[in-house]
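Structures follow.
There are two complexes below, and they share subunit A, which is joined by subunit B in the first and by subunit C in the second.
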Partner chain A sequence: MSVLSALAKAEAVRAGRAQPTAAVRHLHLGERPLVAVPLRLAGEAAAPLAIMIGTARGDQNVLIVPQPRDRVLRLRFIEQLADIVLPYLASFLAESEELTSKAGETYTRCLDAPQIWTPNEGGVNFLKLLGRSVRFHRTDGDNPVPVSIPLLGRWLTWFGDRAEHPGSAVLPAMTSALSAHWATGQSALEDGNLAALLGWIDPPPGRTGAEAAAIAEDPLQSPPAGPATDPGFDNEELAPLIAAYSAAVDENARAVAAERLERSRRGQLEPTWQLMWRALDLLRALPPGASVENRWTDDRGAFSYFAAEVAEGTPQARRDPAVRAVRRLLERERALEALQAQCAFDDPLRMLEHRVTGAAFRGTVVHSEPDRVDRSGARPKLRPHIHIRTTDPFLAVVGEELTCVERPKQSGVVVEIDGDRMVLELSGGMGRKLVAEPGSVPTDGEALGFARFSPSPFNGLLNLPAREDTPWTHGGPPPEWVPPTDDEGEELQ
Partner chain B sequence: MSTLAAQLDQLRGAAPATRHNARTIAALTANPGCARRALLDAAAVDKTVIAQSLGFPPQFGQSQFAITRGNAFESMVKANGCAELLALLRDKLGLTIPEVAYHDLNSVGENTGNAVRYQRTRQLLKSTIAAGDGTLFDHPMLRLDIAGATAYLEPDVVAVQLDGKFHVVEIKAFPVIDGQADPAQVAAAARQSAVYVIALRELMTEIGESPELVSHNTILVCAKDFTNRPTAALVDLRKQLAVVSRQLTRLTAIPELLELLPPEATFALGEDLEKTIAAIPARYAPECMSSCELAFACRDEARTCGSVDALGRGVCDEVGGIENLHTVLGLADGTLQPGPEHADITAMLRTAHRLRLEIAG
Partner chain C sequence: MTTPDEAVANILTDLRDASHRAIVVDSPPGAGKSTLVVRAARQLAEDDDQRMIVAQTNEQVDDLIDRLAGADPGMRIGRLSSTAYVTSERVDQHANVRVATKPGDLADRTIVIGTAAKWATITEGSWSHAIIDEAYQMRSDMLLRIANRFDRGLFVGDPGQLDPFATVETARWAGLTWDPTMSAVSVMLANNDNIPIHRLPVSWRLPATAAPVVSQAFYPFTGFESGTGFGDRRMAFTTRGLGGSIDAVLEEAAATGWGWYELPARHTLRTDREAVHALAAIAARLIERGATAHSESGSHPVTTDRVAIGTAHRDQADAVRTALRGTAAEPVTVDTANRLQGREYDVTLVLHPLSGRRDASAFHLEAGRLCVLASRHRHACILVGRAGIPELLDAHPSAEPVHLGVPVKFPDGWEANQSVLSHLTRHRVRATAL
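Moving on to the complex of A and B:
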């Protein structure tokens, strides 16, 4: 939230439709995304009710749990889900490239990585919980489950963890992705409703955003996107159907009841499914930002690394040990800073926020000295000067270093300030000789932007101790994981 | 005080007083600046009926699956004289209760009236303090005074530790997974428990004991991981206690709010209801939608007036506290001139507006 986004919201109210807050798309959009719309039973921890999942608009697979409280049926649902998701994941492992790291080791990285879309943050959390609920299941012993179930659990947990990494695009929530690119005339809470959000961004002809959102809030006209179901639906439609299923006397009656249940839940899922694909079309219409590919490459690397590891068989720990937790937090902090800087550098609308608060500016070059050489040090260095004029509210400080937006490898140090003009000494991005490469120095009349932050992430080494050396202040070295014995096993009630 | 009660009775009209429970009392703390809600709650009016007659029925409703699960969990924990609960208190929290007396206050003989149960609860608590035994009170009845009206409250269980401190026990069916629970649900449970603690402390004062006998920690019993087994945790309520007791004392400022209305005003259903409600200022924010039945009616009103708060409380802060959208837009594009107090924010708004137009080309 900032003055700019507040103003954009106010203008959206006045205009009756959402205002764009991004000129480019800041999220990678896969060629073959997997869209998943889950529903869960109210009141339970992670009891799935149904899911509609597929990789194309017409490819809806509906899986249901007829009696959500029945453990056997629930495991069967998860197995069927695994039969859809695991082959999808495996298809990305087929194509990979060989790379050499700086240390000289070779490693493989997949050419593309999976992407699972859910309607909202609730959907993301639900998939994470579902993963947690099955990743510790035993494949041997008293109540063995098929191998695919704990494997799916570990993958879903990986997706959920990676989704918390800023800039990652493996498990995005549609409402968050859309809200990042448009400002609507309603509050952020109401933006959590996918149908209302799309009503503002792309209202049907003849209606304002507010009217479309009002229709979207009526659960009878637009079933909620989940994973929570509408209580009215629960009480009036779902409960009697489930009761009928439980009371069925024989196979036939049960099959009929199950079919009725599937039809009813499909009816709740289908509208959201259409909305998801409509939203994907809207996002695809935006050109991708320049740094999106780099962040996706990080995701690809993480995917390849985990795919190699998951075969080993140890599920992720319930709680992170101290060293891993600190490392994760530090990585995420860096990723967040880099993400915000990269989005601003990619997108003039995003850079606007920083220009309004005075962290960046845009100006015109009024005079340029591209051949100036600094001979004061041991070796002569090319240090061109430019005089730049700006009307932005930027208070320059003599001696501070700014990064050029158009040429991110180039930085400018403020040498002199004179009213709305300043003199910058440029360095970097011009080649190694004492004569600049053509085009690397700004010329007279060129419009240029400079920012106080830089899009390259800080990649310094983290000085963390090894796992066995965790100090006593952080609980000492963590114990090794022991697979639970049968009587301690997790039980799905 | 009695004139206040009489005035509130008259405001309510012919409808019976809706009963307060801990959740509605805790919800009073959610929006302290809203005069509309304060008056309606003080007069013990059923806000659902009012919302429906204004044309904006609330969209609450609880799924019966959630209700069934909650009831089933609670009865499982309290079965057999709270056997599960006792085991939990002993193992999880290390409470040394070697032998525990159990009193079920659900009904006193054949009498299930609130007042009778309250008297019996008082009596039993007094004798327990004197005797110093460990005791579990099931379905105790407590009482709290809300702006002249008596509200009877029923916590799940009240337990006593051997050193004489009373703990309120709250049983909720949401899960605690790997030691972590959903923060919003824990916060709601904490606020509810704080109301019970306040009511219990008041009871202590009435029977002449120190209110400090009631611990500021509550015992929250939840479902463990993905199973139906219960787990318990101590939740520190000091912050919630401060907030709720402050709100309850502010409720005695109701007489000033009553002056906003003409003397014959009433909340009874009829054509004047809309005018009466509109005469009391509200303070709508999107958070109202999860806690107040009138939210949709107030939201419609806020949107028609162009309130910035309807877009979210944070938005109003970002535009320097200006409350009207037309003002914001007018200041930004230069059609309105600011007063001296809005000079800074106007400069920012105008820069933002100019730059946006520049980018849009």
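Moving on to the complex of A and C:
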């Protein structure tokens, strides 16, 4: 925990409500998000119990598995889920833009992409596991399943993969999103409880955050946001109802039992459902950060790319082969670095963290030489000098390059340090002439920030061997994929 | 136990054996790894076929070139560099070294050296043999990018140091033999059988007071010894102390090779102000009192360039640097464990990674971190920290998830920390008010 986040937590306790740690919203909020609150059977990795899912507060579809140990019923549930999710995904494929890559190839990118919200990281993991459990189900041969089941499995796997990509907003977890924007007076573990977290951020009138969070701890007043259910509910409500369903003697009795099960699970889901929409409203009230749009564009690109793969029938790999694993790792590391820098550049509150640790500073320009020209090289170059004074704990090093926060295209090289003043030689973002464009060079008295990091992602080409050139140190080339044939299926039996 | 000479001879014999696709050499801190690399390079260079050497940082490349070129002025060495590289003095002074950005410009060289990152930009050509230095610091993804450039490899490194790390979640690859976040040696061993693994048995850097402690804590199954005996290394001060706890810990360290400066128990921020000031005060007093180090290679004063301060986090290093401003110890190197890897000093001061913490996370428990910090010194190591770390460890047994197919890693950080701490209690000096 950094000094500032510790301070924010202390402030939250004193004020009795959460303190904002971000001035802008750092993730994209879809216009038509799909909110999903899944519940799982205790003790099983991916046995769904129920899900409440929909794209609007009033559009709550509840799907249940009356007897979650029955695999046929589970598959029926996943099929129903696919009937909701797949049309939602398809609705984003209708409108797309035509683009040309640097290599000259044209490709299409959807104008918008789907966004699935779950209450917490547990929900994200559950959807991912649910997808993984069905994505290789056979749609032919013995015991075939409908095509939509493995298709949903592949999509959910993609969502889970993409959710791990730093800066992605296709499958966000609500508690993580809220914790990134507010600091509460409770521990990070307690922030994993959506009701308690919202209690701190937006306490009901007349109550403090701590009081609201205490109420949220009572599973009877606010049932857990899933995917794990309250053990009391499991024992006293769920188990007898499932037993009644299993013991039902005829269709009529079974329908009654199923109806009771649905009502009971609806009761567990409904409070979280309301919290989810309240939380979305809170997030929507924040203005988006400047770079949010760009990151969402990456998500749109990834969505369109995978949609095209699905359409072409490209198989989804069971696991990452060596080269793909390396590519994914490097891409994610780059994305994370860019994300952290972009958030700081978008948001003075986030930048504060870096100013405290000495990775950035804010100061005042005390002297400016906007028309200084460097004539030492073959061609004269516009290189204005600014003298800037700061009281931040920033230990500058002569020769290091800093990026200007207000003008991210402009960088300044430290040429001289004198106590709390330093001289920066500016380059970039001033036009092509030997006289700077008006307003592109800071003037006397201007307050400016500079950082050791830059928000523009490093997009250099990754020189990785081709799949068939995987070296001996990494197990050599992976085997080629061959479509499974019916013979193989028979051999397995 | 094999002697160091036998160990090197065995490695060089295996190197001539074409049936080995790779050879691994595990080297504890200061065990003559660079000397081995130089000898191996000279042997490989005998037949005039060009060989490649891969190191991890420009600093390491320059060090190696300096040693190689000095050892054999007749050897034609090429340094493969990026366009941004400024030739250092160490490299420039050797007439037999040429710096170039493309291997094509180094065709007449018998040895071509570059950083792994530079080699990764080369997409063509193939070398019969490569030496990979500091291979345990290199991440698997880097090896993937350069492995097609060579047929056979000599992997040299220190398994006790910090494992390479990734900044993102890596669980999805756990258990794959090609997990891109493993070290280069681990991934190569996981995918190839019958690779000979050699070990250098003697540390020339660590004094007799430190080798057993470090060996027992961090190399429990592959012990090593100190190349020097008790009493071979001595450190003495030219002035007398003032009698406070700062002087007491310095004298304890000078006499026994270890010092544990213990501040009262307290939960603190990462940049614990009292601990930072204690480090700065000890460093300043060490310089002010003018220590002299006596060793097998003669006597010399312990000046600021022979002292380093190590921390776990960058902000801690920054805080120490700020605290050192204006003191006699201002020029002293202050860095994180990651950056101190492979470096050597007479005296090191260390901010204990677990000092003042409320929890013992995997990062702070990592055995390699403490190992790096506690094995940089030739004479003495002083650790600074809050009381109560053993209790903290007892409250936080390692609880990392276990993944299928991932070999259990030794040494266990939790146990290594306990082992070092129990040794340090014998050298404890309790802080009095500064």
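FYI, the second predicted complex is superposed on the first by the 476 of 493 C-alpha atoms of A that agree within 3 Å, B and C clash if a C-alpha of one lies under 4 Å from a C-alpha of the other, contacts with A are read in each partner's own complex, and residues count from 1 in each chain.
Throughout what follows, a contact is a pair of C-beta atoms (placed from the backbone, for glycine too) under 8 Å apart; a residue touches a chain by one contact, two chains touch by 3 or more.
Values in this document were obtained by computation on a predicted structure and should not be read as measured data.
With the C-alpha superposition on subunit A as described, subunit C and subunit B clash in the combined arrangement. Once the two complexes are overlaid on the shared chain, A:376 sits clear of subunit B and of subunit C alike. When the two complexes are overlaid on their common chain A, residue A:474 makes contact with subunit C while staying clear of subunit B. Using the contact criterion defined above for the overlaid structures, shared-chain residue A:100 touches neither subunit B nor subunit C, since it reaches no partner.
When the two complexes are overlaid on their common chain A, residue A:252 makes contact with neither subunit B nor subunit C. Of the two partner chains, both subunit B and subunit C are touched by A:6.
By the document's definition of touching, neither partner reaches A:459: not subunit B, not subunit C.
Of the two partner chains placed around the shared chain by superposition, subunit B is the only one that A:234 touches, whereas subunit C remains out of contact. Set against each other, subunit B and subunit C touch different numbers of residues in subunit A, with B touching more. Of the two partner chains, both subunit B and subunit C are touched by A:393. By the touch criterion defined above, A:219 reaches subunit B but does not reach subunit C.
Common to the subunit B and subunit C interfaces on subunit A are residues 2-3, 6, 319, 393. Note for the complex: subunit C touches subunit A at residues 21-22, 120-121, 123, 140-141, 143-145, 147-148, 153, 166-170, 172-173, 176-181, 184, 187-188, 191-192, 269-271, 314-315, 318, 321-322.
Contact residues of subunit A toward subunit C in the complex are 2-3, 6, 164, 166, 319-323, 325-326, 329-330, 332-333, 336-337, 357-358, 393, 395, 463-465, 469-476. Residues of subunit B touching subunit A in their complex: 59-70, 173-175, 177-179, 223, 225-228, 286-287, 289, 303, 306, 308, 310-312, 314-315, 318-319, 325, 328-329, 332, 345, 347-349, 351-353, 355-356, 359.
Interface residues of subunit A, counted against subunit B in their complex, comprise 1-11, 13-14, 23, 41-46, 129, 132-133, 185-190, 210, 217, 219, 229, 231-232, 234-235, 239, 318-319, 348-349, 352, 355-356, 392-393, 490-493.
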